[in-house]
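In structure tokens below, several structures.
Each of the next two complexes has chain A plus one more chain, namely chain B in the first and chain C in the second.
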Partner chain A sequence: MFYAQLFVNGLFQGLVIGLAALSITLVFGIARFPNAATGDSMTLGAYAALAAHKASGSFIVAGLGAASATGIVLLLAYWSVFRKLAGRSVVALLVASIGIAFLLRAVLGVAFGHGQQVFQIPLARPYIFGGLRILPLDLQMALVALVTLIAVFGLLYLTAIGRQMRAVADNRDLARVSGIRPGRVMVALWLLAGAVAGIAGMMLGMKTIVTPEFGWEMLLPAFTAAILGGIGSPVGAVVAGLILGAMQEFSTPFVGFTYKIAIAFLIMLAVLLVRPRGLFGRVEGVR
Partner chain B sequence: MEAYLVAIGIIALIYVLLSLGLTLQYGLTGLINFGHVGFFAIGAYTSALLVMNGAPFIVGFAGAALLAGIAAWPIGLVSLRLRDDYFAIVTLGFSEVVRIILTSERWLTNGVQGIPGIPRLYSDLGGAAGQIATFATILAVTVAAAWMIRRIAGSPFGRIIEAIRDNEEAVQALGKDPPRFKIQVLVVGAALAGIAGAFYAHYITYIVPEQYIPLVTFYVWMAIIMGGVGRVSGAVIGSVILMAFLEGSRFIRDVVPWISEVDMASVRIGLVGLLLILFIIYRPQGLMGDYTKR
Partner chain C sequence: MTTNRRQFIGTLGAASALIAAPSVLRAQPQGVFRIGALCPVTGAGAPYGSGMQKMITAAAEIVNAAGGAAGRKIEVVSEDTQTSPQAGVLAAKKLIDVNKVQAILGTWSSGVSLAVVPLTNDANIILMNTSGAPALSVPPANAKGLSYRFQATNDRFGRAFAEICAKEGFKRPATMAFNNASGIGNTEGFRKAWEAKGNKVVANVVYEPNQPSYRSELQKVLAANPDVIVTGSYLSDTTIIMREWFQSGQPVKWIIPGWAANPDLVKATGPEVVEGVISVDSISNETAPSFKAYAEVYEKATGQSGQSNIFSAMTWDMVHALALAIEAAGSTETAAINAKIREVSNPEGTKVYSYAEGKEALKKGKINFEGASSVLDFDQYGDVSPSFGVFFIEGGKLNRRYVVNI
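Take a look at the complex of A and B:
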């Protein structure tokens, strides 16, 4: 029973990791670099959600605030930085994304202070399902994650711009000669990746305490899930996030709470050694 | 004032050592090492613990270099056959894991409280003379490291690693094994970072895991990007600029005292971010960079 409870808790944790990994894998698949600003984008989402929640008292408004603020900021980052680096090496984009991450963290630190902030959530008694304790908050967050995922996958698989995004991810040159305008795809990508990271940040903030550094610490688990799921595979990222969340919770009784992130790192190494293309990844000609 | 300048000089030289390691790894070979601070931390803790348990300094420093190099070995084996960007993520993760281990293994590292009272080099010489002797020692080691890297760059080995940076497939087609060269470079660079860490521990005399955050890695990246990638002179000049920046941002508080200490830390992180972005976009070769290529 104890392990079943850990498994369920892990799945809820895994939703946050999965959403963060989804944001990473979208950028990696289409813009072709690992976006190290994802963690701090989550922080931005959490603060935006906090502000929106304080102003309105509604979690729906908070979620919309997180998604739009983070989406817009990442779009600005694309326009002002990443677009200028098109055609340069991966390291240029990677270093620039670290720069964006630091800049975001600095602005958030000055704007919102360095104290710990929490969402004002009314306490609620957990539901008991066959001995499993499940917090209503977790269920609500699972619902938020589900709505986000439906929106993202709906956009990717049912709309024209989603089809174009997948085409660019598949083969950029072929997409280009087919008349797909890369600029519009990039705008859609950054709005979408930002919105997803923002929602993930809000969810993480509701589960823990918000500080200017807290998103950065999610970067390693999120990268691990993106690699485990197969870079560029949105379904893989979400599934791998759930698996990783469960594995991290399972490991806690054995190695202790502080080594959670180390577990993610070991899993990343193992995946890279055994199956670098991940669970759902395709073999692709690199570069 | 003199003591202050010597103190700054010592820290600047530690950054030069770190930058030289990264120059070898990234500048010459093209390895995107985002976990430099992890090797720095291993060096600092190794030497501090060895010397505090009775080993002579030379053993502490050798141990620092050795252990940092050994730690780099498996990281290289696992990840160097993969793409560059994966290597960046893996090394970044490695340095975070090192910090977690330093925080968690209290029996060895005293956790977040850190290790106070690490012996200084030349403490028997007394304050000012000891400082100057320390400075001279670091200077000698740094010059030796710079000379070594210049020698490496001019050697057949150097031509191969530069060729790996520029076109790995071509090197492979010539029958060389790029991962083997990359691992050697990674280990040597890590050992340099380990030595830098040992100097740091014995100079600061107090180490805590919080000193080894990824920001330090990106200080070093900032130094080599500003100074000029792949040049020994770039590593030196970049470190001097970095030092001026770090010290200068401390003096800003004397001019604008209403900024609190934590806000100042934020401003510093923000400036690092901004400088990284601006240099990468507008001046990727840095100030001393090689403008003849590309």
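Take a look at the complex of A and C:
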């Protein structure tokens, strides 16, 4: 039961990592660079959600606020920076995204101060299912994540713009020849990637505390999950996030709490050695 | 592309300014003693950092208003450690190499102080810190005896925790420590002192910073059925831990250092969660005139009570002790100043509470500066021994029940 509880704890942590990894992998699949501003976009989402929650008292409004604010800001970043650098090397785009990350963090620091802020959520005792303790808040978070995932996958697989996004991810030139306008696809991509990162930030903020640095610190696990899941694979990112979260917590009785972070990287190393394209990735192919 | 004359001259001007700038910056003007105010303005130390920095500037102004030290004005250059060793080292390098400061004051959090102290040692200047790690007392960190600590060591905190545990009648304590020199210093100090009393600690957990959840860590500690959990933690992780513990529903008491269990924690978790938590902090020298003078300035500068930030009382004392030592040495050489710091702060000598008073009394003989943060008597390691206040959080307020001396 002790281990089952650890496993469940890990799954709920993995949801946040998975959503952040989903945002990274979407950008990587379509815009083809690792977006280092993802972490700070999460921070932005958390602050937007905080403000929306304070103003309205509703978590649905908070979620919408987080998703739209982050989506819009990332879209602005695309228009003002990433679009101008399109066609340059991956490194140029990566460094530019680090710059955006610093800018976001600095602006948030000045606007909201560096002290910690918290969501005022009534704390509740856990439900107990056959000895497993599960927090109501975690269940709500899981629901939010589920809704977000359904929305993202619905968009990707059931709509015209989603099909176009996947086409661009698959083969940019072929997509263009077939009459798909990359501009529209990019706008949709950044709105979507931003919204997902914003929701992830809100979830992390609700579970923990909100400071201007807190999203940046989630970047490494999120990148790990994106690689583990197979870069460019949305399903892979989410599954890998869950695996990472669960394995980290599950390992603690054996390696201690200090080294659980290293476990994530050990898993990633092992997977990359055996299956370099990641769990769900294809060789050079991205969906 | 052609370059017109205006552009050319502009470029030329900019280039020569660039070349000239370092020498402007590097020159240590005559009649000035420059100090670096290296405080945690952002990061985990943010609740304290800007207050600490303001008090360094304010105290320097008071020294200058009294005619300076050894005929020199004190000039303050401020930097932010971001409560991170990497950023702290970069800032310290800049203070030493670019600004040519002759002392660095105000580092907070042991990780930062331990990272900065090799630089100040190499530059042969004094470092005054507010950190707790025991390693700061001894070589290699304090190999030259140039490092002074204005806060109680974590070891002393640990001993105070053990005293409180015994006094409150706890039998089965467990510990949780943030994985750095300070956090582990607290809980190890506690464990040693507690075991020296012939008792046992039922569980020890060391956890990593910046985790989205500490539920598994809590699960392990709570599985040992402790009656109290003693922590070496900071505000942000404590906030998460307290919320998750409350949701677990298992009753247990907490003893938490004061920099984590403070009014900000109550605000973050709500009073119900932290009801009955015991917060332990070194307490200022509250009855001394020096504290009154400090508190007045602090309230004017920040709008908060002087008791709300123990660390700014420490940085206030740093400038005073340093300036008095400079005055007593009549020199700005590090070795000469260093030889005088204990002499102007420790007993034997006229007790003084302000800079002007001390400067005057120095003309007649030895002085003993009594600080705002403590009576400020340094032992052979450059450590002070403040008293500890034991606060109980009741109805969202921190009420001091008693004081522990070790």
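Basically, the second predicted complex is superposed on the first by the 275 of 287 C-alpha atoms of A that agree within 3 Å, B and C clash if a C-alpha of one lies under 4 Å from a C-alpha of the other, contacts with A are read in each partner's own complex, and residues count from 1 in each chain.
One rule holds in what follows: a residue touches a chain if its C-beta (ideal position, glycine included) is under 8 Å from a C-beta of that chain, and two chains touch if they have at least 3 such contacts.
Model, not experiment: these values are computed from the prediction.
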{"item": "Fit or clash - chain C, chain B, common chain A", "value": "clash"}
{"item": "Touching partner for A:G109 - first (chain B), second (chain C), both, neither", "value": "both"}
{"item": "Touched partner set for A:L139, first chain B, second chain C, both or neither", "value": "neither"}
{"item": "Chain B versus chain C as contact partner of A:L76, first or second or both or neither", "value": "neither"}
{"item": "Touched partner set for A:T252, first chain B, second chain C, both or neither", "value": "second"}
{"item": "Which of chain B and chain C A:L85 touches, first, second, both or neither", "value": "first"}
{"item": "Contacts of A:I261 with chain B and chain C, given as first, second, both or neither", "value": "both"}
{"item": "Partner chain in contact with A:P276 - chain B first, chain C second, else both or neither", "value": "first"}
{"item": "Stretch in clash, chain B with chain C, out of 55-63, 127-135, 163-171 or 199-207", "value": "199-207"}
{"item": "Common interface residues of chain A - those touching chain B in one complex and chain C in the other", "value": "109, 114, 212, 256, 258, 261"}
{"item": "Residues of chain C defined as touching chain A within the complex", "value": "41-43, 46-47, 179, 205-208, 210, 212-213, 215-217, 219-220, 223, 235-236, 239-240, 243, 246-249, 264, 268-270, 272-273"}
{"item": "Touching residues on chain A, where the partner in the complex is chain B", "value": "33-34, 36, 81, 84-85, 88, 90-92, 94-96, 98-107, 109-110, 114, 212, 219-220, 223-224, 227, 256, 258-259, 261-262, 264-265, 268-269, 272-273, 276, 286"}
{"item": "Footprint of chain A on chain B - complex, ascending", "value": "26, 32, 34, 78-79, 82-86, 88-90, 92-94, 96-97, 100-101, 103-104, 215, 218, 221, 225, 262-263, 265-277, 280-281, 284"}
{"item": "For the chain A and chain C complex, residues of the former touching the latter", "value": "2, 5-6, 9-10, 12-13, 16, 109, 113-116, 118, 120, 123-126, 133, 135, 137, 204, 207-209, 211-214, 217-218, 249, 252-253, 256-258, 260-261"}
